[in-house]
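Consider the two complexes below, in which subunit A is the common component and subunit B and subunit C are the respective partners.
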Partner chain A sequence: MENSAILNEDQQDCLQELINIAYGSGTAAISEILDAFATLSIPRINIIETRYLQDYLQSQVKVGMPQFLATQLINGKFSSENLFIIDQNSAENLARAFGLEETEIQDVNELSDVILEITNILSSSTISKFAQEMSIEVSFSPPHVKLLNSIEEMDSTFIDKYHQVIIISTILQFENQNIRGELLILTTDDTIEFIKKLLDKILDEL
Partner chain B sequence: MKILVADDSKMARRMIIKILEDCQEIGHEIIQAQNGQETIDLYKEHAPTLVFLDLTMPVMDGFTALKLIRQHDSNAKVVVVSADIQQGSMSQVREDGAMDFVKKPISEAKMQQILEKIK
Partner chain C sequence: MEYLNKADLICDTIDNGIILLNEHLEVLFWNKWLETRTNITFNQIINQKITTVYPDINEAKLKRKIKATLTLNSPTFYTTELNESFFNIEFKNKITHRVFKNMQQNVTLNPYDIENKIVIVYVYDSTILKETNFKLSRAKEKIENEHKNTLVIKQQLENSVEEFELLLNATMEAIVLFDEEYKCTNINDVGVNLFNLSSKSKALGLDILEFFEDKNLNYKKLENTFEASMITSCDNTFPALIKIKNAKLNKKKIRILTVVDLTELKYRDKLISEQAKLVAMGEMIGNIAHQWRQPLSAISTAASGLKLQKEFHLLTDELLDESLDGIVRSSMHLSQTINDFRDFIQGDKEMMVFDLEENLKKDLSIVEGMLKNYDIQVFLECEKKIELHNYKNELTQAILNIIDNSKDALLEKNVKDKYIFIHTYEFLNEAVIEIHDNAKGIPEDIVNKIFEPYFTTKHKSQGTGLGLYMTHQIIEKSMGGAISVSNIAFEHNKHQFKGACFKITLPL
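Presenting the complex of A and B:
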């Protein structure tokens, strides 16, 4: 379950730095939309095997609370799938921050649309910046979103084709309201091997 | 001026329309599309002066829609608005005839600049 089983210390440190920069690009875009009142914590990055994902989510995500789950496929050499998970309270706070009326916030379709766009901006900005840093090209499929009654309801069958998860966890603070979201990047062994080679190349050049 | 705003997210379209409203000196007619195919259909029907086009959309993506719009009208003015900030994506849409590439979210200053350019 430890990162060290997948990446060595230098690779982990290099990846952490690249993702920090890349995620900064995504969160900057969200901050711009929310104006200057939003602050985003430095992301906590971890890599785990997908078989531990449910345990991780049970420990991190509010169990028993409805969750929006958005997914977006990343195509190219960095073939992966992004998952953005946000609880319904946070989603409602986010929608308020975006200026939606209370009647709109009670509409699941309106809330889903907000999550769809947030996922698109966070995921596309982060991954395209990351790809730029790694000198690779990727393309994006449109994101999909659904509301689960609880994280235990997540159909994990689609996760089986992946082997590792890069977890980027952050908390967005907006006018004393915490909005917590988890961005997860599901990757295959091939993708991790590809990243390792690129990380080693970057480290060699330093 | 007729302006076509194409994005699969209603919120993204609302953000662009809000900035357009904040910038406009005279009223614009806004048309909205939710995917690339709808963008082409509405472009042919309304012949808008300006198109704001997202790249990641269902049914047909923005890259393909841009090519088809420019095939239909080589003078079409299309501004791509995307969170995909890769150099390759920017170069491709410029090669395919996009007037500009704007990183999401579009700012009021950038919108003013675009509107000035097409006046």
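Presenting the complex of A and C:
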């Protein structure tokens, strides 16, 4: 998990700043859409080798509880994958925040739909702002959601094609409500190169 | 204008539904694709609230999505995975391979006019995709069920293997399984111990002959139970009762070798036989005492007569010779008794040819004194001269045991006129000896037990329970004959009697 090998100190600082701005706007968007005060913790940036990804994800989730895993692809030069991981309890509380009836909450499909929406909102709000900051175009594919009994059930057949992933992680929390989800943005080799060039360009312009 | 026409053309020919919706959910545009699928024309639906036409649509959710789309200036989605359909479009034309009643849809909401709060909604028909998913999940379910069944069957098989092993190991016998080529495939724990193997695996693959001392044993011809000498891994041998059974297991021929260790049984047999011999010797001494009393008294009388005659000077040469002859005769009789006794004690080393009637007469002479003492009359009837090639003295022991048994029964039952009848004859190329008494017979509930060792109805001081067991062993095991017992009724001297009848058959 050595970041410096990929990004130098300036690049890291710059990326952290851009991400902070992007996630700040994400928080505002959620609050506006859902009429609830949500916070996103200060994002942490990690760069790890792909073979450790599963272990990393495993360490981030609560053991012994089914997890919803929502994924959404971000297309364009900043091609990446957004992961939103939320455990069953938090997902149910989130659904209540969305105004769902108790009977609807017991329906896994309804619950999944809420998670898709929040994933979509989180990706759009954060990535759109990030893209705007970096003056690039992005588009979003429809998100997908899966209920996993453990992270090991996640299929990662082609993960070996990549060497490294940048993980930008943040924790979504709603005020006075027990909702905790983790948002991860995973990017791979080509995008990392692209980000590095872009960061250098921004740093040059400063 | 030309551009607008092009846009119209695209909207009307594209293979998707396109709707323009404002924040109040009113329809501002409805393309041809939707017209043909819903049978609702653009003119019919324009400015209508979509939830009025399609009340199934979740209004709150749709409003939220529109708000998110417009706020974020970014698309939001309905996916076919979770929402069966955005609105209800019934298939009226799909007939074959139909899984769903309604069209399955993926829907994307994009911002169209943020200022006027209008979104553009793209509707994709994902029925085929979802059908495929449905079929896949049905196939998966089927495979999972089959897998589950396979697991159950596997478990059952494992259980039956376990049960089989349990049964195999629960027996007292050593059981060794062989394949068609007589190579060992399995052995139970008793077998592992009996053949002194360090583990089961040491036996696997061994040829069946490795277990026998005689390496030239023609075991293939031995179908029934037989006795053989077995050999352990330490080259120790032991006697065993063997059975080799051919069977089929899982369509394969297998051989099951069952081994019962006879070491202890043989030892016990030997012990019983020795005990019986001692008992018989004791009885024999009793018989000798009876036998000797008369000749001893004759000798004593002759000697004292001679002494008296000499004192009174009456002893003539004639008288002396006569008395001495008598003494010699009596001494010879004593000597003969001792010979008989010795023959009997020594047992037979070899089979010999002997006359049955003579043998029986000699037997009776041994017990003559005893029989006289108890006032028992013996009737011997031999139909014809029968020569046997067998163990002479063993037969004597068997006959004496039966006579002794009859004597005890006659005394116990307090029978007034005591008779023992011995009748010999030939029947179907066998010699038959029937011995019956008039001691009222053996109670039916014990008639099957009398040949068992240590079984006795007599008082402890009298019976050992070995006599008839030894008789049985002698006749059946040693002499190759058969013995049975039954209760009979018969007439003698115009009187009716009941008694036990022992029937011995011996090969000629």
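We adopt the following convention: the second predicted complex is superposed on the first by the 179 of 206 C-alpha atoms of A that agree within 3 Å, B and C clash if a C-alpha of one lies under 4 Å from a C-alpha of the other, contacts with A are read in each partner's own complex, and residues count from 1 in each chain.
Just so we're on the same page, a residue touches a chain if its C-beta (ideal position, glycine included) is under 8 Å from a C-beta of that chain, and two chains touch if they have at least 3 such contacts.
It should be emphasised that the depicted structure is a prediction, and the values quoted were computed from it without experimental measurement.
After superposition onto subunit A, partners subunit B and subunit C are found to clash with each other. In the superposition on chain A, A:Ser169 makes contact with neither subunit B nor subunit C. After overlaying the two complexes on the shared chain, residue contacts for A:Asn89 are found with neither subunit B nor subunit C.
Judged by the touch definition given at the top, the superposed model places A:Pro142 against both subunit B and subunit C. Within the superposed three-chain model, A:Gln54 lies out of touch with both subunit B and subunit C [touch as defined at top]. By the touch criterion defined above, A:Gln16 reaches neither subunit B nor subunit C. By the touch criterion stated above, A:Thr188 is placed in contact with neither subunit B nor subunit C.
With both structures placed on the common chain, the touch criterion links A:Ala131 to subunit B but leaves subunit C unconnected. The interface of subunit A with subunit B overlaps its interface with subunit C at residues 29, 32-33, 98, 113, 116-117, 120-121, 124-125, 128, 140, 142-143.
Residues 29, 32-33, 98-99, 109, 112-113, 116-117, 120-121, 124-125, 128, 139-140, 142-145 of subunit A are the ones touching subunit C in the complex.
By the touch rule above, subunit B contacts subunit A in their complex via residues 8-12, 15, 55-58, 61, 82-89, 103-105, 107. Note for the complex: subunit A touches subunit B at residues 25-26, 29, 32-33, 98, 110, 113-114, 116-117, 120-121, 123-125, 128-129, 131-132, 137-138, 140-143. Of all residues in subunit C, only 60-61, 64-65, 67-68, 71-77, 79, 81-83, 106, 108 touch subunit A in the complex they form.
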